[in-house]
C-alpha cells in the first residue's frame, strides 16, 4: 500500500443513488484488480473525518472508475489522497466454470468488475439479487450475467441447483448482518454437501467502515477459526470456512 | 434584531487582504446605518462554527456592502443567514464640525461608511493611521478625508492640535490591546482638557470576537463605571468616559 | 406536563422538556425575545449568578475550536442582589418558568443566594452550578446550604468529568434534579494573540461525552435527570431522552442558530414522558441489539423504547458504573 | 536524546519526542512501514495487550462523529503469550524502541504480562493502560504489580477524566512516566443501524481537553509527562511540549493522514528538551500575559518559554489542581 494522489476526471451519475468517479491515478496503481479498493480523502478536507473506501467497478482508458453514493458531492478536477490498494484481489479458483454471486440488501457494486472479468474469460456467472440489491441498475452489469431474484429470507428459485452447480460462491450482505447471514449461508451449503465444505469454495465479502485501512486499529477484525482476520488487509473476500461464527 | 437571509450578489477583491461582498438583504435591514454590523453564517455551514461579524462599508443600489478578510472564500449566489442589525448606530454629536478618527494596528474598515456620511454632510474628517492600518487601500476612503500617519506609540504630527480641534474622537485598536490603548488615549485627552472630558466626546470601537451577538453570553462584556457594557449590544462605539479601565 | 424535579414539598412542572443551558441565554428572555418564541420553551435557565459581583475575565474570551468554540467569560455578574433588582420584574412577567443558575462558589454564598431568591417573586427553581474541582463532600455541603435556605425546587448541574460520583452526592444531599453535564474545560491557542487560553468548550462533538454521562447517571438516579451538552438538533435531544433524561438543556447552538432552540422544543413538545425516572434502562428489551432485529429496526429513529442498546455481550455504552465513585 | 522515563535502575532514552498512541499503529511497525519512515519516530507503542486473549467487540465499531470518530474495538488481541510469539521477532528488529501497551485488566494479569515481557527481547518499556473506572487504589496495586515483575521502564497511561488524581497515584506507586491522556468514552448513534454505540472518541477537538489535563499534570508531576490527545499538526504537538510534556503520542490522524505522524516527528526532532521536568510552569514569566506584552509577542509561535500563560488575574488554563484528588 502507498499514499498517492489522484484527480477526479469525470463524475457520472448512474442512478438516483449512485455516481461513478473516473480517476487518473498514480502509475503504482496500474496493477489494481477486482477486489482491491481505494481508501480516499479529498485534499480539500471534504465532509467526513475518516477516509472512505472506494470500490472500483473497472478500468476505462487507464482511469480507475469507482462507484460511490450520491450523497457526497465531487467535482471534476478535484484532487484526492489515496491509500491504496486496500485488500486482496478476489481469490478465484483455477479453471473456474460456474460462479455464483449473491447480494442481498447490499448494492452489488463489488461484483461489477469481477463479473466482467469472469465473463471475459468465458466463465458462467449467476447473480442473485435480493432486497435493496434489486434496486441496482442492471445495465451496469455485463449482459451475459444471469440474474435471479431472492426473497427476504435469502431463498431463490432452484437454490439447491445453483448452489451445487457453482464451483465457487461469493456473498454480500449489509455490514450489520454479516454474522447471521454468512453463518446461515455456510450452514445451508454444509447441509447440501455431505462431505465438508471445501476450502476456497464459499466467501463472504466484508466491507466494515474502516478506521485505518492498514491493519493497525483492529476495528475491522473478524474472529477466525485458527487466527483472526482483518477485513481491510485479508478481505474483502473471506473464506467462510476460516470464520469463527459466534 | 432579526434572523433573515441574504444572497451574496457580488464578491470583489479590493486588496491582498480584503474582499467586499455585495448582499441583497431582507427589507427589514434597509435602515441599517454606519456602526451597525451583520452577524453572518453561510447556510452551507462554511468553515467556522461561530457566526462572523461583517462590517458594512456602505450601501450600493440597495445592496449592503461588507468588507471581510480574503482568507474565507465566498461565491456569488451563496445564501447566508444574518442576525442583524448587531450593535448601535455611531452616536454622532449634533452639528458635528470636525471628526477625528484614529486607527492603529487595525484595519479602518469600520470608518469607511462613517467617513462617507460625514463628508456628505459637510463635516471635516481627519483619519490617523498607524501600524497595520497603513496597509489599508486609501482609495476605499472618501477623497475629502485628511490622512495622518501615527508612529507605533500612537503619536502623530500636530497631535495636540488635532485633538483640541476635534469635536469628537473615535479610535480603533486591535482587540487584544483595547484596555491599554483606549486608557492611554483617554488619559492623553484628559490632560489636554483642563476641565473633565465631556460625555460623548471620545469613543473606542470594540470588536471582540462575538459568541452570541445578542447580549446573552457576556463574553464581550466591558467593565463600566456605573454599569457594565456589552460590545455587541452597546457597541461598537463605547464612550470611554463610561469604561472602568483596570 | 413534565415533572422536572423530585415530587415533594415543591416540584417544578414544565410544559416542554426543552430549555437553554446556563450562560447561553442571558439573565432573562430579552436577548432572544425577537428571535424565537420564548413561550414555546419549557423554562429559561439564567446566566450564572454569584453572591458577590464578578468581573469579566481578561484576555481572549472566545476562541474558535475545530467545529466548536472555547468560551472563558469569568462568569461576570453584578451579584445576586443587583441581579434581582435588574431582572426580578421581568422574571415575574416571563411566559415560562425561570430557573436561576447559582454558581457554587462556597456553601455560605450559596446559602445567601438561596434565601435571596427564595424571597424573590418569579423564580421557579434554582440550578446550582458545581465547580469542576468539587468533591462529593463539597457537593453535600453546598446542596445542604441551599436546602436549608429555600423551599424552591433545586436542580444541581454536575461537571462532566465527575458526573456519576457528584450526581450520587447531590441526590443523597436532597437535590431535586440533576443536570448532566456542565461542559468540560479545555485549553487552546488564540490565533490572534498566540496566547494559551483556558475555558469551557462547546460544540457538536461534546454530545457523545455528555450523552454517555447522562445515560450512566440515569441508570442510578432516583430523581429526574436533565441532559445537556452539544445538542444541535431534535434527534440529538431525543437521544438524551432515550438515555433516560426527562428534559434537555440546549447550549451553544443557540448562539449559532437561535431558531434551532425553538425547533427542538417544538419537536419534543409532543413527547409523552410517562416513564418512571431512571427506569428507562430496564424497559429496553435486551436481546434487541442482536443483528437481525437491528436489520428490522433499521433506519428507525424514534424515542420509543424499542431503539436497541448494544447487544448484551458487548459492553453497554453506559456501563452500570460500579467503582466509579472515587470514595 | 530525550529521557522518556524517570532516571533510575533503567530509563528509556529516545531520539525523537514523537510516537504513535496505543491502538493506533498496530502491534509493530508493519502496518505503516510502506507509508512512513518509521525510523524517524521516537518509539512505537503497540496495540493494547491483555494477559488473556480478547475477542473483537460485536456491533458497530467505527461510527463517524462531527469532525471525529468513535471507535469501539473491544481491544481484541490474542493474549500476551501469543502476541510475543507473533511479534517479538519484529520488535527485536525494530529501528526504534518498542513500548508494549498492557491493558490493566487486573493486578494479577498485569503482573503476568510484566514478567512475560520482561523475558522478551526487543521490548524497551511497558505502557500500562488504566481502565476508565480505575481508582487511585487500583492504580497503586496495578503499578506495584508491574514494578514487582519487571525492570523495564514503566509508562502509565491515564484516563482523561481522572488525570490529576490517577497521575499522582501512579507516580507515588513508582511509575517511570505518565501518558496524559487516554481518550474519553462517548456514546453516539450509528447511522447505519440506528443503534447507540459506546466507545473511545477521537478527533481534533479532543486536543483542548487533553492539553489542559497535560498542563495540569505537568505542574505537579516529578516524572516525565507524555502528552496525547487530538494532536493533528506540529503546532498541536508543540503546544503539549510547551505545557510541560517531554514527548507526545499522536492518535487518529495516523489513520486519516499517515504521513502527518512523520511530519510531526521531523518538526519536533530539532527540539532540545533540556527543561527540568515539571519546572516549565515556573519558567513562564507570570506578568507576560498582560496585553501589551501579548501585542509584542503577537503572532510568535515558538516552543520557547516566553509564550505567555493567561494573565495572573485571570484563572490559569490549568489551575494548580488543589482538591482535585477525590481522596
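Letters are used for the chains, namely A, B, C and D, taken in the order the chains are written, and counting of residues starts over at 1 for each.
The rule we apply is simple: a contact is a pair of C-beta atoms (placed from the backbone, for glycine too) under 8 Å apart; a residue touches a chain by one contact, two chains touch by 3 or more.
Values in this document were obtained by computation on a predicted structure and should not be read as measured data.
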Inset, instruction - Would you mind naming the chains that touch subunit B and likewise touch subunit D? - result: C
Inset, instruction - Please indicate which chain is farthest from subunit C, where distance is taken between mean Cα coordinates of the chains. - result: A
Inset, instruction - Go ahead and note the Å separation of the Cα centroids belonging to subunit A and subunit C. - result: 46
Inset, instruction - With chain centres taken as the means of their Cα atoms, state the distance from subunit B to subunit C in Å. - result: 37
Inset, instruction - State, to the nearest whole Å, the distance from the C-alpha centre of subunit C to the C-alpha centre of subunit D. - result: 31
Inset, instruction - Would you please write down the residue numbers of subunit B that are in contact with two or more other chains? - result: 174, 176, 179
Inset, instruction - Name the residues of subunit C that each touch 2 or more other chains. - result: 58-59, 65, 67-68, 72, 192-193, 203, 291, 294, 298
Legend entry - Of subunit B, residues touching subunit C in the complex: 1-3, 41, 48-51, 81, 83, 174-176, 179, 208-223, 227-228, 246
Inset, instruction - Would you pull the subunit C residues touching subunit B in the complex into a rising list? - result: 23-26, 30-32, 34-35, 47, 55-56, 58-65, 67-69, 71-73, 76-78, 192-193, 203, 252, 254-259
Inset, instruction - Name, in rising order, each residue of subunit D that touches subunit C in their complex. - result: 57-59, 65-68, 70, 72, 74, 133-136, 138, 160-162, 165, 184-189, 192-199, 201, 203-205, 207-209, 211-212, 215, 235, 239, 242-243, 289, 291, 294, 297-301, 307-311, 313-319, 321-324, 326-327
